[in-house]
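Each of the next two complexes has chain A plus one other chain: chain B in the first, chain C in the second.
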Partner chain A sequence: MMRCGRFHYHAPRTLRDACAMLQDAGSDGMLLAGGTDLVPNMKRRQQTPKVVISLRHVAGLRDAGPDGNRVRLGAMLTLSDLTAKEEVRARHTALFKAAAQVATPHLRNMGTLGGNLCLDTRCNYYDQNYEWRKAINFCMKKAGEICWVAPSSRRCWAISSTDTAPALIALGAEVALATRDGERTLGVADFCRDDGIQYLTRNPDEILTQVLLPIPAPGESSTYWKLRRRGSFDFPVLSVAAWIRRPPEGRVEAARLVLGSVASRPVIAEAAAGLVGTTLSEDVIEAVAEEASRLAKPLDNTDFSLGWRKKAARYLITGALRELRGDDPQTLGPLARRAAELAPVG
Partner chain B sequence: MSSRIAALDLQVVGKPRRRVDARAKVTGQTRFADDLFLPRMLHCKLLRSPHPHARIRRIDARAAVTAPGVKLVLTGVDLPIPYGILPVSQDEHALCLNRVRFVGDPVAAVVAVDEQTACEALDGIRVDYEPLPTIADPEEALTTPQPRIQPYGDGNVHKKVALQFGEVDAAMASADRVFEDIFFYEGSTHLAIEQHAALAAVDPDGKLTLWSSTQTPHYVHRALSRVLGISPAHIRVIATPNGGGFGGKSDPFNHEIVVAKAAMLLGRPVKICLTREEVFYCHRGRHPVLMKLVTGVNGDGRIVAMDLQTLLDGGAYGSYGVASTFYTGALQTVTYEVPRYRFRGCRVFTNKPPCGPKRGHGTPQPRFAQEIQLDKIAVALGRDPAELRKSQLAKPHALTANYMRIGTMGLGECIDRVVAGSGWKNKHGKLRFGHGVGLACSSYLCGAGLPIYWNALPHSGVQLQLDRSGRVAAFCGATEIGQGSDDVLANLVAEVLGIDPFDIRLVSGDTDLGPVDLGSYSSRVTLMMGHAALQAAERARDLIAQAVSASLEVPASRLVFAGRRVFDAEAPARGVSFAEAVQRGEAMHGTLGTTGSYTPPESAAKYKGGGVGPSPAYSYSACVVEVQVQPETGWVEVEKIWIAHDIGRSLNPVLARGQVEGSVYMALGEALMEEMAYRRLPRHLSGVLVHKFPSLLEYKSPTTLEMPEVITYLVENPDEAGPLGAKEVGQGPLLPVMPAVANAVYDAVGVRVDEVPITPEKVLRALGDRESRRCGPKSFPFIVWPEPLKVAPPWEGGDGTAVNEKPRRRKEGVLMSPDVVQPGLAPHPSTPEAGQKTESSESSPEMPEVLR
Partner chain C sequence: MSASGGVTPRAESRTRLSLRVNGEPVEVLFETYKTLLEVLREDLGLTGTKHGCELGECGACTVLVDSRPVLSCLLLAAECEGSHVRTVEGLAQGACLHPIQETFADLGAAQCGYCTPAMLMTACALLEKHPSPSRGDIRQALSGVLCRCTGYLQIFEAVEAAERRIRENSPGGSEGGG
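And now, the complex of A and B:
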């Protein structure tokens, strides 16, 4: 099998120790949560930490519970933990659907919420083993100089492929980051950055400890649609997280629309403003979907062809908004069933 | 005879049963090659080429050789003898000698105390390459004769074949309608879940043993003997249970030879387990094939002539390619009557992993073309596609235009079953827009009539040994690759001896212990091993019956073997237990042992190239697929599949259905998403040609969630050429699915996708093309074909020979390497024991300099 390089392994029991170890390791250190992203990356030499600090035994990171008008979700909750929580399923539909559609049941049993938010960006010139990347002479994200997707580009366009981040942005969530010296919180949107290499605003010595999620008020609803070739296993090729507040039978009071996997970070669609004050008529939905889909500027570094992904973007946005209006996704055709479908949660 | 077979009163055969190896498999106790550990075992890793095409100038392995824990470094010069599965394509070296031909071609091997050390030592090998221009696809290969990828063939054309059966041009000119279509079938790989692994050890007596996840231990045995230069009698190959093969483990592989050599040099066991990427580089999967199919029909759609051209992208080596090329033409005649037929095929070399046999070997591609074209013919003539097919089925018990001998032929019944089951008549052409059904049929071999190397020996042998405890041991070289070959062996022996399959001790896939069986390929095992097993078992039964008859004073012909007893049919109480019966046999005859063997009947196809296609029997399948297609996005969802398979007789219906469903699953992958895609980087930057994503995640293959409901019908029409009438089921049911999906998409939204995979992009492109309503290849390149061999069909007075062929002398091939050399256990130059670095002595200018 493929083997990782050699590294030192730390297993701290307290957050303080973990922070200290991370700071001491400097640029050589990386955190290990479920390892479902980091370990394969280490095997392929995409990431080559000399010090690996496991968060598995750190006390408190797997806690969850209410905190005023918010819920706190520990970063080390596995995605299976998350989807098993009735209140997540009932109240935070977008997060539930996003978490439930990550990878496969086995990977969700290992993969964590924090790891998912910090997931490395993806590109099929980069998600290859060392020998393959050596054959093409590497790329700037690791060990090389050029971007193979856009050879004249000076930046990396690797794609943000986390399922939960777009959902959490749509839900207005924040993250808490801890260092040896203290803690800060910031919106998930501000946690992400549009650069394939520096895709987070997290400082190297910070540990993501919690996600803070507003408890929805009456009339709020959300959803998450994910496009991928197969009903399991695959990373998103495109995703749509949508949230609205709309009193029963009333007009939309507030709306957020976030596209995932179209850039190096989740992209907030300002077009959502067009939903406010409407009753989500077909015309409104189509106009908003048309405008929002222009944000999808696909590059040839993931599954499916560019042109088709662009067409699918519009289709997916329309579908997600129709679902929030109250349409049953089951009636919207096979691709809608696939995109809105919940992978069997187990 | 077939009615006699049909009337047999069978005890074991045909009953749904748990397979004999099920317990081990479901409890995780099956020992695959990767599960084997031996004391003092070392681990091997291969260094692979990062260049798609390059000359090796120099290999400096000094840093690796001296790394702690490293025991041996091998390069091409250590294994200079070439090998290959076909005698005509001995073009592989265990480690590249002086040239690499695709990214992933192995250049050096490191053997170390553990895998980690071996991996790390690979970095210590510096290879100096001189890159060469690359060939990425068949069009390029046809127009770029230099640089040549292989020293044989014509430029970069590996093989051209041309055969003609009857006056095709005249028939075409007289046809009422002529349909001309171009199709493309993308390459795909086997994706067996078990990655290849092998372990070699030198026995205490100095003989070599190799355990390997191979489908063809006999051919590996031959290759090892040849390359290592040791007597085959001193080599034992054990095929471990394969975690899937599908054709991907049918060649002798470089890693097998490397660990064998290393074990000999080091005197310690050496193991290798390939990574998933490396398995993609072993490949030998489905050839990408471009096809031009011209068919002339009369007014009601009956075929009067067919003219097929195929262009195969072979990758960098020969592998089974010559056979694959013939297979793209050989079976076009066995489903429907094709009175005149011309076939021309061309295989080219490209700088990609070699293609070879994958489930259906060479036949799914032209089958795809033919079945879609028939659908188009039906539409053009306003006929029902099912009726059109049924009106011109190939005749049973007859020869085809190209001299394939058909036995029983259950295709008509297969069509009836799926038409009835699916409600075809109420659906085809009648569902609302976006919903559709498609139908297609196929046929497949039950074992190739000829072995891979010419010889007149049996293709399969079974040996039984019985002892006084009532235990029966069955020995056979056949290989269990998950398909259930062990179960077939136990099943048939148990049937004849009237015992339970679980009473039988099975020893299979071991070249030391069992008689030769050629391997698990070409759907040959049930038929060929089955006959050998029946013969051996019947001989054992006769010996026992003779003894029991004497002691019970009942004529042997009246004795029944059933329920672990041997008794008088007329007075069932009068009898003995099976163990007692064996004791009486042993007392009368001495130690009881019997053998059985099978050699296929001689083929009627006497022309050159007629060796590919003939089979003792042909299986048939028909399939209806129902789809939903979303016109806005082109998304295709397969909702349900009805498939009928003419299996002759199903020996164990549980396994037979499993094979049908597994075939459907694999077929859906090819139909909808699988693609061996390659990528050439911009020429001015690196121009390197790589597999687009050699990974289990990114090479898209369906999951259980993509699997629709499958309704399977087994059509049992015993064929006298099969054991108790049985025919194959491992490959045939894959073939009709891809074209049925394409035909269903047409029924749903009125567009043709004339290539696989049928992706949403392509459906959308076809929907967007208002003129052609089609997505698919537009042209077939001009190929200078040789003059075809002309063979008159049987109904035109032919005798199976070509009129324009020079008389051939059949070369009696060398069965095994004649040179008997004792395995040399002297320290290799690169072993630490031998100490010093040595320069490679090879002074040929073509050979790289090797430092170690």
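And now, the complex of A and C:
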């Protein structure tokens, strides 16, 4: 039986206390949100905090509401809380579809928005128990020196596996980070780094407190497509978040396209610029999908074969863009049909 | 620790906790590193909740915390101060089985039985929240618990049968249901 290692546990009631405890703990401390990522990683000794600071009882971190032309979503809202919000479902479709497809209903009752944004990067050589990793003399992400996926590499290639980050980048969201001395905000895109080990730009003493989401203007729409082996439990092996602004019957005025699970951070596809000024004809969609799918350079460190995952990128991008054009999801294949049935069940 | 005021530091290796388990107030002292699953099984003697993958990949350890199904193997027990935890031991009322237990037995929805406590608790939470779930609702709600024996069909049918039984036994009978 795998058990967590020993640690000191703190349950602060205020953000100010949580910040102070995190700063005092230094590199020994870790924040606990829903626990669905940290607890299994502690059992496998991928993470070995000496101090665990729970955010569960910190006042205010589950609040949500309008703030000018944005919506503030507390980082400790569970993914179930989030998908139960009618305004998230109706207005921020990409976020709804991303959150509603994380793992399982049980895990969404535990896992939080902030926790999913800070999800540890994943790799077949890292997400194993201690004995397994010890048998290969570990890897550079934890306790070893080599990257087993690319042995000549100086960097870690573990994959960003968060569903919500690509969606939030496509939606133009920001995060708020608090310390004992104040708060800063930055775009979700700038919150992520392309390094399997240092995959966030969060400073060690910062606590992710809120997500700030622009309220969509008329004509804006978004979606999120997720590829995985099973319809529940699995992390994404590839995902596509897409957002456009297009007046009814008009031409696209702005577009964003983000690929998830193809690198150590979500990847923004500049090819989305090719959608602007068009009416999303089939030729345009296929050309943009072709160009954007070149960003998917999968390595052999997650489920499915490399070649198939690369081919799937074009299929997912094409499907997401057709959906935003207004095509009936029932005509867009099994992934779209299943996503169209997503419903919040707690 | 410099922080203070309203803080509950638990720097010692053991934690004392007050919570409700199956409606009864419980006070328990346990090693702080333990998950709710470990405390239920090892410190409270409630072994109905099963210990599966330990990593959130099977759902066998499902319990209800404040009416929501969660995985007790991933929830630190220290997080449960003041919570109401419901386990499979709390389903039956004395000798009287819960309707979901009756229909699981009647329709062969349990084979090896290892996932059954988790299926029962998940289904119980679903029926309390959605008194008349569709087959799609049931499929989605149970998608967090793996069963390697039944192929799920008998389980879906048992949940639907329990829903009918609860409706027929409720004041007002079956009229107006659905």
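The working rule: the second predicted complex is superposed on the first by the 335 of 346 C-alpha atoms of A that agree within 3 Å, B and C clash if a C-alpha of one lies under 4 Å from a C-alpha of the other, contacts with A are read in each partner's own complex, and residues count from 1 in each chain.
The rule is simple: contacts are C-beta pairs under 8 Å (C-beta built on N, C-alpha and C of every residue); 3 or more make two chains touch, one makes a residue touch a chain.
These numbers come from a predicted model, not from an experiment.
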Contacts of A:Q128 with chain B and chain C, given as first, second, both or neither: first
Partner chain in contact with A:T14 - chain B first, chain C second, else both or neither: second
Chain B versus chain C as contact partner of A:A254, first or second or both or neither: neither
First, second, both or neither for A:F233, with chain B first and chain C second: both
Touching partner for A:A150 - first (chain B), second (chain C), both, neither: neither
Contacts of A:W308 with chain B and chain C, given as first, second, both or neither: first
Residues of chain A contacting chain B in one complex and chain C in the other: 1-3, 231-233, 343
In the complex, chain A residues that touch chain B: 1-3, 124, 127-129, 131-132, 134-137, 146, 148, 151, 229-234, 303-305, 307-308, 311-312, 315, 333-335, 337-338, 343-344
For the chain B and chain A complex, residues of the former touching the latter: 48, 50-52, 103, 115-116, 119, 273, 275, 277, 434, 628, 630, 632-637, 673, 681-682, 685-686, 688, 690-695, 697-698, 700, 702-706, 759-761, 764
Chain A-facing residues of chain C, complex: 1-11, 13, 15, 31-35, 38, 51, 54-57, 59, 62, 68-71, 73-76, 78-79, 81, 122, 125-126, 129-130, 136-137, 140-141, 143-146
Residue ranges of chain A touching chain C (in the complex, touch as defined): 1-14, 16-17, 20-21, 24, 32, 35-36, 39-40, 43-44, 52, 54, 56-57, 80, 103-107, 109-110, 231-233, 341, 343, 345-346
